[in-house]
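Next come two complexes built around chain A: one with chain B, the other with chain C.
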Partner chain A sequence: MPAVRRSLVSVGLAVGVPILLVLAWALATQGTQNLYFPTPGKVFDAFTSTWLTGATITKHVLPSLGRFAIGVVLSIVIGIVAGTAIGATPWLRSLLEPMLEFFRAIPPVALVPVIMLILGIDDSMKLAVIVSGSVWPVLLNTIEGVRAMDPVLTDTSRSYRIRGALAYRYFVLPAASPQIMAGVRLCLSIGLILMVISEMFAASSGLGYQILFFQRQYMIAEMWSGIVLLGIVGVAVAAIFQLVERRVLHWYHGSREVSRG
Partner chain B sequence: MRTIRPVLGVLGVLGFMVTWEVVARTGVVDPKYVPPFTTTAARLVAELGEPKFWSAFGDTLLTWALGLAIATVAAIVLGAVVGLVPFLRRATHTTVEFLRPIPSVAIIPLAILLAGLSREAALVVVVYAPFWQVFIQVLYGIADVDTVAQDTARSFGLKRRQRLRHLVLPTALPYVITGFRLAASIALVLTITAELIIKNPGLGRQIDLYRSAPDVPGLYALVLVTGLLGLVVNLGTRYAERRLLHWHPSVRKEGVQ
Partner chain C sequence: MADKAPLLSVKELKKTYASATGPVEAIGSITFDVHAGELVCIVGPSGCGKTTLLKCLSGLLAPTSGSVRLDGAEVTAPPKKMAVVFQEYGRSLYPWLTVADNVALPLRAQGIGKAERTAAVERAVEEVGLGHAMHKYPWQLSGGMQQRVAIARAVAYQPEVLVMDEPFAAVDAQTRADLEDLVRRVWQDLGVTVLFVTHDIDESVYLGERVLMLTNSPTTIQEDLAIDLPAERDQLSTRALPRFTELRTHVYEQIQRAKRGELVR
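This part shows the complex of A and B:
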């Protein structure tokens, strides 16, 4: 019984505060004519009528999510491939390190005008913006993960003459994967931000465009519903990442628990 | 290897400059879109002599510093309260996990509505993401206090204040400082972002002006400036981290090697 009660309490705590917050929001906006803070009911109505119709889903939501997904996958692939090459080659690492530090330090948004200049304002520009910002955490973490490989592991694989693709698949990649996954987590949240930004600049479709459009038209409830939608996307992406991470790194979390005792 | 490393690094930087120059001069890409490195560098130097540049630079620094300070103080105070009270930590968990991943740029339209096209609107955006970064680190740091050390402190009869000072603070400090270091660079990115979209004065707005002018070398020069600024922030906070945590095993170990 105590176990049941404890889990009931934690469910109550987990759900209770968000419900209280929404109630407080409803009470605070009840009866007022404040233009900027509509009632939760209005935002909910706006949400269903704006975002849950077939036209907006195909015109705005799916293209946005598609660009986000492609951009993030590109960043991860480029980051891991280039990262292992650089991480495994000491001279290359020393050669490139200062430049990489510099590029990472450029606020990705500052590159938006440059990329717009070179690529125009089509989908390739939006992808380039996403990749230009979100590739760095994966790249630098992969470099660090490959560099900091356990020397015993390196020596063992060398003694057994395990080289090339085999060594890459069974030694290098697993050894670096905790670091890489930490980079991927950052890459996802940066990618989402850059997806929104690239659409705020020059687009006629997408979530970022749509939210800014609502704000300019003073469609406040619709604007709020867009912010809520972005929040839901953010939470969903974080949840999916956690699932994937648990699968990819289950051996790592397991061994950490053992070593902690 | 140890003496070669910096040399290789310098070579890398030089190689990048030369590649840029060659690519632009030979017309692999249109010089209208990518001006040669030397043109950009000359423009950067000229820009450094302009009062307009320095006022934009100062505006950016001020927005960044204000946003970072507000976010850090608020996060440490709220994080300490929530982290030290187990009930609060459990009760707020889902709310925090929902609010945290909301992309900070999503609230730009809201900020514009609330505060107009002003520094205040930019600050709403600049505070949001760094706040969560520090807040979460404060929670982790407080949760990381060793249970054995906690029991020991309690059986030696340490008062609550003493436990906070000698147990919780040293455990949580590395976490908080790491959070601050990350928050500092996030805040800079958001400052420039806000200036580009909200168009409050600063380097970001200047970049947008040069884009629409169009003044391409000026645009590239300012992008270089933002990169250098970011680099200074990264290196500065990393240095501060090592100084403040010189007693911590993670830093001491690096020193020995």
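This part shows the complex of A and C:
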């Protein structure tokens, strides 16, 4: 019974709080003629007319989501492959770590002009911008996860001569997976931000481009509706992540529940 | 036995660690032989470098000087014919793998085919009495059961030498007695050579056919004692034998001497 009640409460909060916020928004904007803060009804109308048409979906929404997906997958793959290599090799780690900290500290936005000079203004530039920012949490977390592997488990794997691809798949990756997943979570939110930013430079399509376009045209309700869409994408990405994380780390959550008693 | 070549031969093994305050001599000089089929207990005061010795034996740690030979070949990396059961059962099992997969992974690394692997895993898990827990995760089991899984994994690996590092130091007394009998049974059933490291004097006498007593570090061998108790051992009757009491008293005195730093041969 308490478990059922708890889940009812959490569903109630997840649905109820947004409804309350929209109500508050409606109350605050009621009767005003403020151009910059339209009523929820106007934004809703703008949303359906702007984003739910076939043309915008294929011209702006899908290309954006595609770039986001490819950029994030690239970041995750590069981060995990390079991170396990660096984490497992002490001399490589001490050689590269100060440099990695340096590059991580550079705001990716500052790199956009440089990347534009090198790669031009097509999709590869946008992907490079996404990867340049979202690869770091995966890379650094993987390095840390591999470095912090339990020495007893390492000795076990060594004494049973579990090596190569088998050790990578069944020992190194799962051992580092709690940290890797924490890195992936950050990677997703940074990736979404950079997707929008990359589309605000020299672009002709995408969510970021559209939002900027509407703002410049004083189509304020449409601009807000784009921001709402970004929020919805963020929530959907977080939900998918949570599903995957539950699956990948079920052993981790299970063992932690047991040790907490 | 003296005319047969030993299975495991340790010669003038020495291990020195570098530390901030200069080199620390963990193992002074250790020499002993183990023949095929023996069950040898290594006992010594806590902190006497038992784990260091074991890591050198199993090829996990390179000795500073001296040599370890298994079947005549020098041990420089973990050898194929050896399995190790660690004290920290909770940390030596892969928490993301089920019991069956934990036991199977070393066999997979050996390139053993699926059908044979499954059969070997089932046999080993049954042998330690965990047939019902095949598809559970280690963290769903009690400490004693987890250590049984580690033993099953070692058994399925079919080593010639089974090395155990204080495997029962962290389980309760009742479980411990059961696990001791399990080790005796595995040793008798499989004819494997067992090297059992412990700090528990009673345990070393109850389990061993031979007890090696270590001194404080820098570690050397204080005494190499044959245990002339009957082969069939039982927690109640064996421990009640007058000979058992004599042997444990003797080992106890030797360990006390070792602690005080008196080397008696």
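The definition used in the following text is that the second predicted complex is superposed on the first by the 247 of 261 C-alpha atoms of A that agree within 3 Å, B and C clash if a C-alpha of one lies under 4 Å from a C-alpha of the other, contacts with A are read in each partner's own complex, and residues count from 1 in each chain.
Everything that follows uses one rule, which is that a residue touches a chain if its C-beta (ideal position, glycine included) is under 8 Å from a C-beta of that chain, and two chains touch if they have at least 3 such contacts.
Values in this document were obtained by computation on a predicted structure and should not be read as measured data.
Of the two partners chain B and chain C, more residues of chain A are touched by B. After overlaying the two complexes on the shared chain, residue contacts for A:Gly66 are found with neither chain B nor chain C.
Contact with neither chain B nor chain C is seen for A:Gly41 once the two complexes are overlaid on the shared chain.
Once the two complexes are overlaid on the shared chain, A:Gly120 sits clear of chain B and of chain C alike. Within the superposed three-chain model, A:Phe171 lies in touch with chain C and out of touch with chain B [touch as defined at top].
Of the two partner chains placed by superposition, only chain C is touched by A:Thr156; chain B is not. Overlap of the chain B and chain C contact sets on chain A: empty, with no shared residue. Put simply, chain A touches chain B in their complex at residues 10, 13-18, 21, 36, 90-91, 94-99, 101-114, 116-118, 189, 192-193, 196-197, 200-201, 208, 211-212, 214-215, 220, 223-224, 226-227, 230-231, 234-235, 237-238.
Interface residues of chain A, counted against chain C in their complex, comprise 150, 152-153, 155-156, 158-163, 166-167, 170-171, 174, 177, 251-252, 254-255, 258-259.
By the touch criterion given at the top, residues 55, 58-60, 78, 80, 82-84, 86, 88, 91-92, 94-97, 105-106, 108-110, 137, 139-140, 153, 157 of chain C touch chain A in their complex. Across the complex, chain A is touched by residues 1, 4-5, 8-13, 15-16, 29, 33-34, 87, 90-95, 97-99, 101-110, 112-114, 185, 188-189, 192-193, 196-197, 203-204, 207-208, 210-211, 214, 216, 219-220, 222-223, 226-231, 233-234 of chain B.
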